[in-house]
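Take a look at the structure set out below.
In order of appearance the chains are A, B, C, D and E, and numbering begins at 1 in each one.
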Amino acid sequence: MESVGNIILYFVIAIAIIVFSVLTVTTRQILRSATYLLFVLFATAILYFQMDYQFLGAVQIAVYAGGIVVLFVFAILLTHKPGADAEPLSTHRRWLGLSAAVLGIAVCGYAVFSHAAFCGRQLATVADLDMATIGHFLLSTDKWGYLLPFEAVSILLLACIIGGVVIARKR
Amino acid sequence: MDYSQFLLMPQELGLLLVFLLVFIYDTFMPQRSQDKLPLFTTILFALFTIYSFVPCQMGHAFGGMFEANPATWVMKNILNLGVLLVLLQSIKWSNSDHVAVRRGEFFELLLLTLLGMYLMISSRHFLLFVIGLETASLPIAALAAFEKKYYESREAAAKYIFTAVFSSAIFMLGISFVYGMSGSLYFTDIATSIIGHKSALLIAAVAFVIAGVGFKLSLVPFHLWTADVYQGAPTAVTSYLSVISKGAAAFSFLVILVQVFGSAYADVWEWMLYALIVLTITLGNLFAVRQRNLKRFLAFSSISQAGYIMLGIIAVNTTGMASMMYYILVYIFSNLAAFGVIGVIERATGKVSMDDYNGLFRTNPWLAFTMMLAMFSLGGIPPFAGFFSKFFIFVGACQQGSVAIYVLVLIALVNTIISLYYYLLVVKAMFLRQDDCAIPYIDSHWTEELGLTVSVFGIILLGVASGVYAQFDAISESVKNIFALI
Amino acid sequence: MNLTLLMYLIPSLFMFGCGVYGFITRKNMIAIMISLELMLNSVDINFVVFNRYLFPGQLDGMFFTLFAIAIAAAETALALAIVINIFRATKNVDIQQILKLKF
Amino acid sequence: MPLSYTIAVIAIPLFMFLFLGLAGVKMSRKLTGVLGVLGMAVTTVIAYGVALTYFFGTGQGQIADGVRQAVTVFNPDWLSFTDTLVVRMGILLDPIAAMMLIVVCTVSFMVHLYSLGYMSDHDGNPEEGFQRYYAFLALFTFSMLGLVVATNLFQIFVFFEMVGVSSYLLIGFYYSSPAANHASKKAFIVTRLADLFFLLGIMILSYYTGTFDFNQLVFGSNGANDMAVAQSAIASAGGATFLGCSVTAWALTFIFIGGAGKSAMYPLHIWLPDAMEGPTPVSALIHAATMVVAGVFLVARLFPLYVIEQGAMEIICVVGAFTAFYAAAIACVQSDIKRALAFSTISQIAFMMTSLAVSSADGALIEIHGGTGLGYMASMFHLFTHAMFKALLFLCAGAIIHAVHSNENDKMHGLHKFMPITSIAFLIGCLAIAGIPPFAGFWSKDEILVAAYHKGFFWGLWMSMVAGMTAFYMFRIYFLIFFWKKHEVHTHHAPKDQPWTMTLPLIILAAVSVVAGFVPAHDLVTWNGHHLHTQLDWTVAGSSVAIALVGILLAYKLYFKENDLPERMKNAASGLWTAAYHRFYMDELYQFITHKVIFQGICVPIAWFDRHIIDGFFNMLANATGSASFAIRRLQSGSVQSYVYIYLVGALALAAVTMVCVLI
Amino acid sequence: MEIFSNPLIYFVIIPMLTLLGLAFCNNRGIRAIRTVAVVGAVALVALAVYLVCLFLQARGAGDTSEMILQSKVTWYAPFNIELALGVDGVSVVMILLSAFIVFAGVFASWKMDPLPRQFFLWFFLLSTGVFGFFISIDLFTMFMFYEVALIPMYLLIGVWGSGNKNYSAMKLTLMLMGGSAFLMLGLIGIYFHSSADGNLTMNILDIAHNDAIPHQWQMYLFPLTFVGFGVLGAMFPFHTWSPDGHASAPTAVSMLHAGVLMKLGGYGCFRIAIYLMPYAASELAWIFLTLTGISIVYGAFSACVQTDLKYINAYSSVSHCGMVLFAILMFNTTAMTGAVLQMLSHGLMTALFFALIGMIYGRTHTRDIRDMGGMMHIMPYLGVGYVLAGLASLGLPGLSGFAAEMTIFFGSFENADLFRRVLTIIGASSIVITAVYILRVVAKLLFGEVQDEHHRTLTDASWEERLSTATLIVSVAIIGCFPNFFVNIISDSFLPVVNALKDYFPVAGL
């Protein structure tokens, strides 16, 4: 039996995620869209906190909310043309989108819900995840260690930086 | 913390070193010696290629996250050869005025993506795999946007990045399902823990994983970006994309399907792959039939070639694996010969339409000849290597023995006729048609000539010299147990 | 009432669906990027929830999410750079305008 | 002369053909002609030597136990079908082969000689293609000789084809002329059709008997036709039947059809009149004396088999009798002398066929009926005499044509004064063919009639009637050419007797026609090699001579002097006359079948079908690929969103379908 | 390398050396190009004659092994692919035929223009394929050479052809490659069932010896292989490449293609399809017999209405090649021997036909018989040649066609069943139709009046044309006059096949 607080929190998160997700993709104002995304990301971060992954929640807020959304806002401002968002969506496209989304949810939903192992699983209590453990795993070269991905992702980021530079350069 | 495990990845480290040297050269060398950068890179890479042929230690590292075995070793070497050819062919282009200022980045990105592919090939852990995949695919977008002079280049990059990100989202969704079932991201753990289950979740997961990797391989229906990007991107990038990236993806596809899902889910993914192969080969060919732009044309041709490559996977046997690696090697030479010619002509005249090639044989016999060999090899005409690789891959598939596979091979064979048709269209344009305003004689750069010559020799010799295939066969025999092949 | 695993998967799935919907319907390329963020984020949630509920002993899911966030950031940066690149050429970020390469 | 010299008889013409054909172009025309004649002369001498040795020689084993044996001189393998079924090319001499050697060589030599003049213009300069002409003559002679000495059925078939081709080449000698061109084609194709049946016949016969060789089919141990051997050959078919008839009967009927094609039996006769487009000496050689009797020869060769298969024999009898009458009827109204002669030839060959066919019915089977094989002997005898006098007639016709440059008898008339030698020679020929004693034709025809009466009164009467018609139409021609009215000289040269090269053969052949009847055929060419006792049947002889005389008188009445009686008769029975003149529309019928039915009805539709349906199908495949390619181009719409949509739906469908398939 | 002591390998090496030699010539040095080509062709002829002698010597010395001059080198060990060489009587005569046609072809394309060097390059590549095919007894190598022989056709027709050449070249290539697609699958299937104990092999003799292909698989694989080869053998309804292809091809290519390449089809049908899969062969023979029976008559009828010389000849080839496959399916030594004789005969006379047509076309620039006439006056040499070719085609004794057709008919008739016999009779009736269309052409083209006054100025054959045609005419005559020489070489080669069939097919007991 969960604590009531948890349940309420869950519903807040769930509703926030659902509502803001819908708003993100349906609003015509692109800036608002970015804002709703921010809310979704915040809600997700809270979900992580609820899952006891505080570090992850913090990263989510820092990187996603702090970094990516800002990037979006910059981009929007850079490309924004007043009145450009006013064009209505064509019904055809909307149906297309809707069908894809529904189909996706249906298939994945069936897959997920039909999997017996998932049903009725409750949250087990675990020891607090401290930064040392995370750090240890991150730099471990043994099994379950993540040194290599850590190095690899740095290369990925480097590559993306170079790529970004190439693209963004005027010449 | 056993950092000595890094010693198991000499090829990756070597490549990183090459990258760093290039980076340093680009950053610190004076402007006037910058035009030597492409040559420098190529020579450096050639040295690295030779170096990586040195047999190295095989085994696991990082708790099984990374694996070096003869197959990955040879696969990386195959890719190296391809990249070396791409580099050779792009030297002259990268020094041309409108891209010269960015040539350093071109080579750096090329090397980094190659590193990503190395990781894809060697990773035995989904996170590492995803990182490798992204490293191998994201910078391509930047490369595609390289020709800023042309709008098409930008459009290609945009289309690429959106579909790539979407596909990685789908891919990761699939992985999340796999994780949800098995609780691990290590291939070996997953393989053991999913035995016995046959749930909808895992089927969805397999489908999404196939879609994610199929995107890189441009299997139908995950292929739609291919043609646009190939057409819009600079030819050097297109050739890189069409052979190297495809080769790496094909191999890692084999690894994932066989190692992760092979034991328990073979009958599931084999049928999926069956359908995809039929679609890929057929639709790829059908699309290719009407193309006039050669780059776009080769895009569709490479789609259908990907279908043929998949035939090596579907049978899950050593012959299939060996013939797939062989196919990739041959495909690299054939396709790079074609792209090399296209690149030379595009650089000199800016023409990429098949109609511009009318009468090419009269003015540029050697280019036409090379192109023809490439087309014949792609079409599977003996005595060129393409014939052998096709034959072997069919043999590999048929070894499975069921009638269904024979039907699949028959479909593939019937499709070779369509493909032969459009390959011959190119030959027809060059040899049969005559044009008063044919492309004038092109004085190609020695590096381009070297690249083309190597490709031509590859096309001619790879089939006749049976040693290469024998080597592959020995290698796949030696990794038989690792991959649980039949 | 118990908070089961499935209850957390529902918003995640929904978020993914919204992402798909947004990708297919929106015209603005940045909006499409935003939709993609939704999709990536929903995958992250899956990982975290699976990890926490099913396999609390290891941290694979969490680490995957951690790296996925980094990857998503890289992707977004690159994608936005390309969008702006397009914008420079066409003064437009409408995805339905980039149709030169087709058939 | 050793019989093995026969090989030279075959080889010399072949050599002449090759030599004249290859080297002739480089030589002068005259020289080739002379060489050709010389070659033929040598051949003839040797052939006579061999034949006479065969007939009259002693000590060479030709006659043993009073039986004239068939001697196989030479018989190497040519083509092995199976271990047992082997085609050999050899030389076999028996009475009829030896007789044919004489016939062929004589006529051929005459024609060779005659052609020296005929194929030249009035100044004696040989015309174009002279070398070719002699080469072809040599080829024909070779083929014909090869045919008559054949040791086996297949060899006959081989040389059947060869004579067919030489005939084709010679008919089409004036290849620029459309008529000659057409005629040669027709001749070849019609005979080819017949040869197809011949081939089928051989196939069937050889399959069941396991051999082609006459030695195993008809010749007994004593070296002559032996009924027992024939019987066992037929028996080897094991009584197999097809559609109710025994397979051997089928085979023999087919073989007869083959012979009928060459021998121009109704309804396969249509090529022969047209074949007159060839040079006249060629007509004399091929289409009167030698090749056209190949069918008769063939039937005679297999005579014992036919005797056993009475059904096939009946067919021959009916066809022969009908053809004899039919051709004679047409010959009565032809205005072109060569055509008239051609129909006369058909009629006469039909006589021979009928004679062979009635032979079995007259009790020819010594073992069975105690008969004599009179018809067989008569047929061969008639073959011999006919060759002589018909060659004579043709050569005379050639001389006339050469003189007046036309084939039509209304361009001739009254030539008797201008060409006396020719006229007399022609008269002798006419008398011979009409069967007036003592000319050659009388003796042989009389035997035939006797044999026919043996079979039945009807057959005898029928043949006698035809014999009367023969006399009538021959003399009709004779009178129309040489009398009727005074000749009007149109050209610069008045017609006159031709140079010696042409006249000499006429004289020789005329002489032969007079005396040939006295050859002791009943001693030489009997079916079983025994001497055959014959005596003139005075009733038959008398009546036939009477009928012939009536015919001649009628012709004299109608055609000796110009009068309007023929015209009136023609008008009185105009329908019949027109039908006969148009050869009872057989050509039109063929024309209809070949052009309308086969060409328009089969070939054209098939060609259309090929181009439009079969080829169309493959083109359709290609077009369908193209259309499919065009139709699916919408997938590649250029819009990222639809790409993604397809991607997603593809992935989901993959998952969903697999779930459905695997889990349910 | 011990394989180099085997004379057979030189059938591949000589054309390749010629290729190499040509590669060093340049386009302006026509004399050098011709010299190299002629030397290559003469060497091939000499080698082929030598091979015949070797064969006769071996057989004379009592060597009764199925194939002589066997040797093999492992090529692709993982698939047991070997470079396995060996010849029996059939291959020997086919090699002889090919050599002669290559020889004649070189002379027929003496004045080839433009790009003579490239022309001969492709020409010799094609011959490499042809010879390689005939000397191999390994499925893979055979198939490889088979395709090597096919593809040069595309360029040879496309570049040097005439008329609607692009279309024809493409159609020909695609249809033939379509056939070989089926074939490839068939071969792979055979390979995987080649042995019962897992020692898979590509060696034809071994496969036949193992006799391990399950009956059910034979029923799948036989049609694939037979149709695969049948396409090249112009089997109805897969023959439509033939008329267009031949019509557009340059002279020497038509010669080589009709003369040799189409024979690959018949040879393959017998050597692979029937020999290796006797059960399915006897079960399914009726289908293919019907098709080939149709081919014979259908091709002949179609030829009757054509007006283009090459079309006539192409349809005639359909008819004659139909007869080859038809005879092969008759499953007895006689008919099969006839089939090979027919291959020889058809090869030579069709090559002769195409050579002559090419020469006439080169002068008149038309191939429509309605526009020509009286050619005999103008070019007697070519005219005589044409008549001879025609006579050979319609089966005049003394020329090759007769012996071949007769052997086929008599062999086919050896079969006791009514179906085969009726087909035989239908097939035999083609000799009449053949006569019709041949004589039609001869009458139109050579005889009659000269249709076009311009033609009067045309010249007769030049020396190289005479040499080319004379070679073929003499060969045709030699086969026609001495068929038993060839029959003796050929017929024993069929014993293994007939023995293999014996279990399933009641061979006529003679």
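Basically, a contact is a pair of C-beta atoms (placed from the backbone, for glycine too) under 8 Å apart; a residue touches a chain by one contact, two chains touch by 3 or more.
Everything quoted here is computed from the prediction, not taken from an experiment.
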Minimum number of chain-to-chain contact steps, chain D to chain E: 1
Closest chain to global C-alpha mean, per-chain Cα centroids: E
Chain whose Cα centroid lies at the greatest distance from that of chain A: D
Chain pair with the most C-beta contacts: A-C
Interchain centroid distance [CA atoms averaged], chain A/chain E, Å: 70
Whole-Å gap between the CA centroids of chain A and chain B: 32
Centre-of-Cα separation between chain D and chain A, whole angstrom: 102
Chain C and chain E, separation of their C-alpha mean positions in angstrom: 65
Shared-contact residues (touching 2 or more other chains) in chain E: 174
Residues of chain B touching at least two other chains: 127, 131, 134, 138, 141-142, 145, 157-159, 162, 166, 173, 177, 180, 200, 203-204, 227-228, 421
Chain D: positions in contact with at least two other chains: 622, 633, 636, 638, 640-642, 644-645, 648-649, 652, 655, 659
Every chain pair meeting the contact rule: A-B, A-C, A-D, B-C, B-D, B-E, C-D, D-E
Chain D residues touching chain B - in the complex, by the definition given at the top: 622, 625-626, 628-630, 632-633, 635-636, 638, 640, 642-644, 646-652, 654-655, 657-659, 661-663
Residues of chain B that touch chain E when the two form their complex: 319, 322, 376, 381-383, 387, 391-392, 394-395, 398-399, 401, 403, 406, 409-410, 413-414, 416-417, 420-421, 424, 427-428, 431-432, 466, 469-470, 473
Parts of chain B lying in touch with chain D, wherever the complex brings them together: 158-159, 162-163, 166-167, 170, 198, 200, 203-204, 206-208, 210-211, 215, 220-222, 224-225, 227-228, 267-268, 271-272, 275-276, 283, 286-287, 289-290, 418, 421
Complex interface listing, chain D residues touching chain E: 25, 77-85, 87, 154, 158-159, 161-162, 165, 168, 172, 175-176, 178, 181-182, 184-185, 188-189, 192-193, 195-196, 199-200, 203-204, 206-207, 210, 599, 602-604, 606-607, 610, 614-615, 617-618, 622
Chain E residues touching chain D - in the complex, by the definition given at the top: 171, 174-175, 236-237, 239-240, 244, 298, 301-302, 304-306, 333-334, 374, 376-377, 380, 391, 394-398, 402-403, 406-407, 409-411, 413-414, 424-425, 428-429, 431-432, 435-436, 439-440, 443, 446-449, 483-484, 487-488, 491, 510
